[in-house]
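What follows is chain A paired twice: with chain B in the first complex and chain C in the second.
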Partner chain A sequence: MVQLNTGLTLFFSLLVEAMPFLLLGVLFSSVLLLFVDERRLIAAMPRNPALGAIAGSLVGFMFPVCECGNVPVARRLLSQGAPASVAVGFLLAAPTVNPIVIWATWTAFRDQPEIVVLRVVFSMAIAVTIACVFSLQSDLSPLLNRGVAKLLATTAVPIPATPTPAPSPLLQSGTFLLQAPGTRVQLDTPAALSLPDSPVSKPLRLRVRLMLDNIVQEMRELGAVLILGAAIAATVQVVVPREIILSLGQGPITSILAMMALAWVVSICSTVDSFFALSFASVFTSGSLLAFLVFGPMVDLKNISLLLTLFRSRTILFIFLLVGQLTFLLTLIVNLYIS
Partner chain B sequence: MLGQRFYRAAATLALVLAGAILVVLLSGDHASARVRQFSWNEHQIGVEDSAFAITFSRPMNTASVEDNLTIDPPLSGRVSWAGRRMAYTLDVPAAYGRAYTVRLDEAQDLTTQGNKLQPFLAQFRTRDRAFAYIGDTGEEENRLVLYNLTRDRRDILTPPDWVVMDFKPYPLGDRILFAALTASEATNSRLDQQIYAVTTGITPNPPQEAFGRLGDVPAANPGPAGEITPILDSQDYQNLGFDISADGHTLVVQRVNRNDPADFGPWIVRDDEEPRPLAAEPGGDFLIAPDSQSLILLQGQGTAILPLTPPEDDSADVVQPLDFLSDYGRVFDMSRDGTSAAMVNYNQNNPDERFTQSLFFVTNQGEEKELLRTDGSFLDAQFDPTNRLLYCLVTDLDEDSEEYQEQPFLTAVNVREGTVWDLLALPPQPNLHMSLAPDGLALLLDQQTRLDMAETDDPENAELSSQMWLLPLFSSREARLAGTPSPTDPERLPMTGVQPIWLP
Partner chain C sequence: MRLKRPRRRTQPFPWLDILDWLAIFALGSLLLHYWISGQLSVLLHPDFRWLSNSAAILLLLVSAVRGWQLFQQVRRRRPVPSLGHQSLLPRQISSGLLLAIAIFGFFYTPRAFASETALQRGVTETLGMTRGQPQQFVRSGPPEDRTIIDWVRTLHVYPEPDAYTDQAVSVSGFVIHPPDWPDNYLMLSRFVITCCAADAYPVGLPVEIDGSRSDYPSDTWLQVEGRMATDTVGEQRQLVIQPSELTEIPEPDDPYAF
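What follows is the complex of A and B.
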C-alpha cells in the first residue's frame, strides 16, 4: 500500500511537471509547421555535406518537434529534394536541438548546467557524424524505403516559388478519407504530417483549422505515450529494489548501459524526457543521464515503426548501431574523465 | 550486404568506434568526485538560514562524508541526503559575528573502487553582532545610533537636529525604519513624527538559496550608512506605530486623520505602491505575522487576524478577519515559523482572577497553554530562534511596598514543558525594553535607574542617564544546545541610550 502510494505520487509528479512542456511543444510545433515554408528553407540549405549536416541539425530551431514528429518532417524534406546530410542531420538532432527541449532540459537540470550543454553538443556531434556518413552515398534510393525512393525519383530539384505536384494518393499506403476531388485526409497519421505539400500556401482559415486538428491529434498520441512513460518510470522506481537501481546507477559503465536501455524501452518524448531523467538524477551518474537524454530522442521503440516509413531496415540498423556507439563513447568519456 | 558506400563507411566507422570504446574502457576511471556546490560558500548567513546544502558531482558514500565533514567552530546539526545532495540542518542558529570553515578532506564516492573525493574547503560568515539604539547624551542625543559589536564601531545614522522616536530594523539589517521629528517639529507633539528609512552601511550577502527565507535578496549595495529615504509624511495623517514584514516588502503604519479622529487604522505601505489604508475595524497594537501576509490586530477585547491583501472579490466595505481570538488582548511575538504566538489573556471572564494577567502559548493547531500568571503585568515576550523558549519581561505587584509598585523581572519559559527560569530581577522603572539577539545568545535591556545587583561607581549619574545592559544567556555550548538558560552577570555597555534593538 505504501509502495502504491509512493508510486502514484511519483507518477503524478512526473505528469504535472512534464505536461505543460508537452502542451507547449505540441502547440509550438503545430503553429510553426503550418507557417514555415519548408521549400524556401531547403533552397537556402548549403550543399556541402558537413555544413549541410550542421544546418540540418539546427533546423530543429524552426520545427520544434520531438522524435514523434521529426520522421515525417524529415521524409518531407527528402522528398522535396533536400540533401541527405540536411535530412539526416535534422532527423537525428531536431528532437533535441530545439528551443522547447533545451528549455525543458534547463528547467529540469538547472543545478547541473553541463547536462544541458552536453546534451545539445553530443546530439549535434552524433547527428553531424552520421549525416556525413550518409552524404558519402551519392544515390540515396538504395537506403530508403521503396515508397520514398520512388517518390524521390519522381521529384525534381525544388523550385522555391511553385508548389510541387502532390503525389498520387494511390501510391501511398494508409487509410484515407477522400473529400472533394483532389483533397484527402489520411486517417492514420497526424493531420499535418499527411499534408501533400506545405500548408503555408493554404488560406489562413484552413491553416488554423489544420493547426487545431494537429494539436488535438498530437496531444492525444503524445499524451498517451507520456502517461505510459510516467507509469513505467514510477513503477521501476517502486517495484525494482532500490539496491539494484543503486548498484546499476553507480557504476560508470553499467549506469550508461542501463539508461540507454531504459531510453529505448520507455520511448518518452524528448520535450519531457528531462523530467523523467531528473527522477534518476540523484542516484545515476551524469554520463548515464546524458546517455538517456541523447540516445532516447534518436532511437526508441516507437520510433522504429516511423523510421521504417523512411529507411530500409538495414539502414536503420546501422543508424542505431552508430548512434549507440557514439553515445556510449561520449558519455563514457564524461563518466571516466570529467565527473 | 555492404554493396553501398554508405554501408561500407558505416561499418568502418562502427569498427573504429568499437576500438575507441575499448581504449577508453581500458584506460580506467580518471575522474574523482568533487563538491559541485556549497550553498553558503562565501556568503553571510543569518538566523533565517537554518540549513546548507552540499551537492556532489557523483553519488557519494554517505557514511564517509558524514564521518569526515568538519565545521570549525563546531555547529551541531542533522544530515539528510537526497541523492547527490546533502543537507545539513543546524540544531541551533549559528552564533553571529564569526567566520566558519567547512572542510571535507576525505570521502569516497559510491563506485566499486571507492574513488577519493577532491578535498573541499569553504568558508561562510554569520552577520555581525550589531544593535541600534536612540542616543541619550552628547552628540548622540535623540539620534539613531548603530553599534557594531563585532567590529567595535559606532555610527550615528540620523542628522543632529532630528528627534528619533521609534525604530525597527529591516530583515537583513541593511536599513532601519524610524519615526522622527525634524528640528522645527520637535516642539510639536509626538504625533507629528514622519517615517523614514536609513541605510546602515551593511551590505547583506545572503545565500541565494535559503530554506526558510521569505522574499527576495536585497539590492547588492544599499549605499553608505546614513542615507535617508522618506517613507510617509504626517501632513494629513498622524503616524502612530509601525511594523515591518518578515520579507521586508510590506510596512504597516497606524495612522489617524488630523481632521477626523474617527478615520483611524492601519495603512499598508509596499515597495512601489501608493500607501493605502487597510479597510478594517479600528484597532490598537498590531504585529505583522511571520508569513508577511496577515496582520495581528488588537480589536476591542480580542485579537483579529486580518489579511494584508484582501481578496479581490471582497465586496464588503470592511476587511473580514481570517480569525478572531476573543480571549486575548495582546500579542507580543510569534514564533519564526508562524505556528505559535505568545498572547496575553486579561482574565476578564474569570471573576476570581480578575486582577491578574496570564501569558498564553497559542498554536495554529488550537493548542492554548497558560505559561505564566501575574498580579502585575506582562511587558514583553520574545521567542528564542529555536522556538523552544520564551523570554518574558514581567512585573509582580510589590505587596510589601506602601504605595502601588510593580517589580519587574526577566524570566524564561520552555513553551513545551512549562519549565520556568527566573533570570534577572530589575529595579522598578516606568519604561523597560528588551531585545533578544537573533542568534538567541544574549539579551539587551535598557534601564533608566541603577540595577540592583550591578555595581556602579557613580549612582547619581546612573540615575540621570539611561544605561544599556547586555545579558549573555548561556554559559556553555551544552546549555545552549539543551535550551536551558544559564545567564552570567549582565555587562553594562559603554554608551548610554534607550531602546536597544538587535539588528536581525
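What follows is the complex of A and C.
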C-alpha cells in the first residue's frame, strides 16, 4: 500500500512537473509552424555540407519541436529542396538543441550543470557528424521513402503555367477513401505528395484556428505518451528492487546500455524526458543519464513509424546504429574520464 | 427533462473533438485543483510551482477557446479546421487516457514520502553518492538554528563528528527505524527535493533515546531538542543527537527540505 502511494505520488509529481514544459513546447511549435515560412529559411541555408549540417542543427532554435514534431518539418524541408545535410542535421538535433528543452533540462539538473551542457554538445556533435555522412551521398533517393524520393524527382520539373483541369474523379485510378461528401483521400498517394503546403500561405483567421487545432492534437498525443512514460518511470522506481537498479546503474557500461534501452522503449517526448531521467539521477552514472538524454530524442520506438514516412527502413537502421554507437562512445568517455 | 428530436446534420456530431476538449479541460482543472488545495507542495519544489500554475491557466484558456469553437461547430454545423496529424496511439485512447488520469487525480490525494520509501532508497548522512556539489554553503549561525539538511550539509563539508560535540540541536523530521540499529536508536529524517518528488532523496541523523524506539512509531513527526555527541551506530562512528526533549508534531505543510 505504501509502495502504491509512493508510485502514484511519483507519477503525479512527474506529470505536474512535465506538463508545463510539454504545453510550452506544443504552443511554440504550433505558433511557429503556422507563422514561419520554411521556404525563406531554406533559401538562407548554406550549401556547404558541414556548415549546412551545423545550420540545420541550430534551426531547432526556431522550431522548438520535440521528436514528434520534427519529422514532418524535416520532410517539408527536404521536399522543398533543402540540402540533405540541413534536413538530417535538423532531424537529429532539433529535439534537443532548442530553448525549451534546454530550459527543462536545466530545471531538472540544476545541481549537475555539466549534464545540460554535454547534452547539447553531444547532440550537436552526433547530428553534425551524421548529417555530413549523409551529404556525401549525392543522390539521396535510394535512401528515402519512395514517396519522398518521387516528390524530389518531380520538383525538378517546371510547373506548367496553366494548370491542367482536373479529370473527373470517376476517371482516376487508385484506392480512395470517401470522407464527407465531396472530399476523398487517395490511399495509395505517397505520404509526402498528400502533404499540405506550409500553412503559412493560408489567411490569418484560418491559421489561428488551425493553430488551436494543432495545440489540441499535440497535447492529446504527447500528453498520452507522457502519461505512459511517467507510469513506467514510477513503476520501475517502486517495483524493481533497489539492489538490481544499483548494480545496473553503477557500472560504467551496463548503466549506459540500460539507459539507452530504456530511452528507446519509453519514447518520452524530449521536452520532458529530463524529468524522467531525473528520477534515476541518484543511482545511475552521469554518462548513462546523458546517454538517455541524447539517444532518446534521436531514435525511439515511437519515432520509427514517423521516420518511415521519410526514409526507407534500412536507412533508419543505419541512423539508429550510427547514433547508438556515437552516443555510447561519447557517454562512455564521460563515465570513464570526466565524472 | 424533455428530449429533443435530433436535428439533421450534414456534419457528424464531433464526439472525438468533445473528448479531446474534455481531456484538456480536466487536465487544466487538475492542475488548478493542486494549486488551490495546496497539494502541490507534496509534488513540486516551490521554485517550480508557478510553472504548474501557469500551465493550469493556459490549459483552461485553450479549453475555453476550443469549447467555444466546438459550440459554434455544433450550432452552425461548421466543421473545425484540421491540419491532419500523424498519430501513434488511436485518438480515443489518447484522450481517454488523459481524461481518466485527470479524473483519478481529483480523487487521489498525493502523500509525502515516508520511512518505508526512505529505507528503500537508502538514507544517507552524506550528500555524496552521485550528487554534485552541495547547492549552498552552510548558513553561518547558531547550531540550534540548523535543520536536518543543514546539519547533513555541514557534515558533508567537515565530516569529523567530534567537531560538533555538545553543540545545541533543534530539528524536526519523521521517524525511521533502520533495521540494523539497536532498539534505542532511531533516525530523524527528511526528504530533500531539488525539482520534484521524482528526485526526492532522504537524509537523516541518528537520535539516541531512553527506552525503546517502539514508543515512537515509524513516520511519526518529531521536534527534537538536545545536544550533539559522537557514538558508534550500525558499525559506524557518527554524530548522534542526545535529546533532552522529544515532542510529537503534526506533519508540516511543506514536508520536504530544499
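Everything below uses one rule, namely that the second predicted complex is superposed on the first by the 299 of 339 C-alpha atoms of A that agree within 3 Å, B and C clash if a C-alpha of one lies under 4 Å from a C-alpha of the other, contacts with A are read in each partner's own complex, and residues count from 1 in each chain.
By definition in this document, contacts are C-beta pairs under 8 Å (C-beta built on N, C-alpha and C of every residue); 3 or more make two chains touch, one makes a residue touch a chain.
Computed from a prediction, not measured in an experiment: that's the story for all the values here.
Engineer: Quick one: on chain A, after the overlay, do chain B and chain C clash, or do they fit? Just give me the call.
Structural biologist: Overlaying the two complexes on chain A (C-alpha atoms) leaves chain C and chain B clashing.
Engineer: Figure out whether A:262 sits in contact with chain B (first) or chain C (second), or with both, or with neither.
Structural biologist: The answer is neither, since A:262 touches no partner chain.
Engineer: State whether A:206 touches chain B only (first), chain C only (second), both chains, or neither.
Structural biologist: Once the two structures are laid over each other on A, A:206 reaches chain C alone.
Engineer: Counting touched residues of chain A, say whether chain B or chain C comes out ahead.
Structural biologist: C
Engineer: Touch check for A:281: first (chain B), second (chain C), both, or neither?
Structural biologist: Both partners, chain B and chain C.
Engineer: In the overlay, answer first, second, both or neither for which of chain B and chain C A:111 touches.
Structural biologist: The answer is both, since A:111 touches chain B and chain C.
Engineer: Touch test for A:220: chain B only (first), chain C only (second), both, or neither?
Structural biologist: After superposing on A, A:220 lies in contact with chain C but is clear of chain B.
Engineer: Tell me which partner A:41 touches in the superposition: chain B (first), chain C (second), both or neither.
Structural biologist: neither
Engineer: Considering only the touch criterion stated at the top, classify A:328 as touching first (chain B), second (chain C), both, or neither.
Structural biologist: In the superposition, A:328 contacts chain B only.
Engineer: Regarding the shared-chain residue A:336, is it in contact with chain B (first), chain C (second), both, or neither?
Structural biologist: Touch status of A:336: first partner only.
Engineer: State whether A:148 touches chain B only (first), chain C only (second), both chains, or neither.
Structural biologist: Once the two structures are laid over each other on A, A:148 reaches no partner at all.
Engineer: Taking the two structures together, which residues of chain A meet both chain B and chain C?
Structural biologist: Correct list for chain A: 111-112, 281-286.
Engineer: Touching residues of chain A toward chain C in the complex: what are they?
Structural biologist: Those in contact with chain C are residues 2-3, 5-6, 8-10, 12-17, 19-21, 23, 27, 68, 71-72, 107-108, 110-112, 114, 180-181, 196, 199, 206, 209-210, 212-221, 223-225, 227-228, 233, 237, 242, 275-276, 278-279, 281-286, 302, 305-306, 309.
Engineer: Could you pull out which chain A residues touch chain B in their complex?
Structural biologist: Within the complex, chain A touches chain B at residues 111-112, 129, 133-134, 136-138, 142-143, 246, 249-253, 281-286, 314-315, 318, 321-322, 325-326, 328-329, 332-333, 335-339.
Engineer: Given the complex with chain A, which residues does chain B contribute to the contact?
Structural biologist: The touching residues are 1, 3-7, 9-11, 13-14, 17-18, 20-21, 24-25, 27-31, 36-37, 55, 57-59, 82-85, 109-112.
Engineer: For a test of understanding, state which residues of chain C touch chain A in their complex under the given definition.
Structural biologist: Against chain A, the touching part of chain C is residues 10-11, 20-21, 23-24, 27, 31, 34, 40, 42-44, 48, 51-52, 54-55, 58-59, 62, 65-66, 69, 79-89, 91, 93-95, 97-98, 101, 105, 108, 110-114, 116-117, 120-122, 129-133, 135, 194-199, 201.
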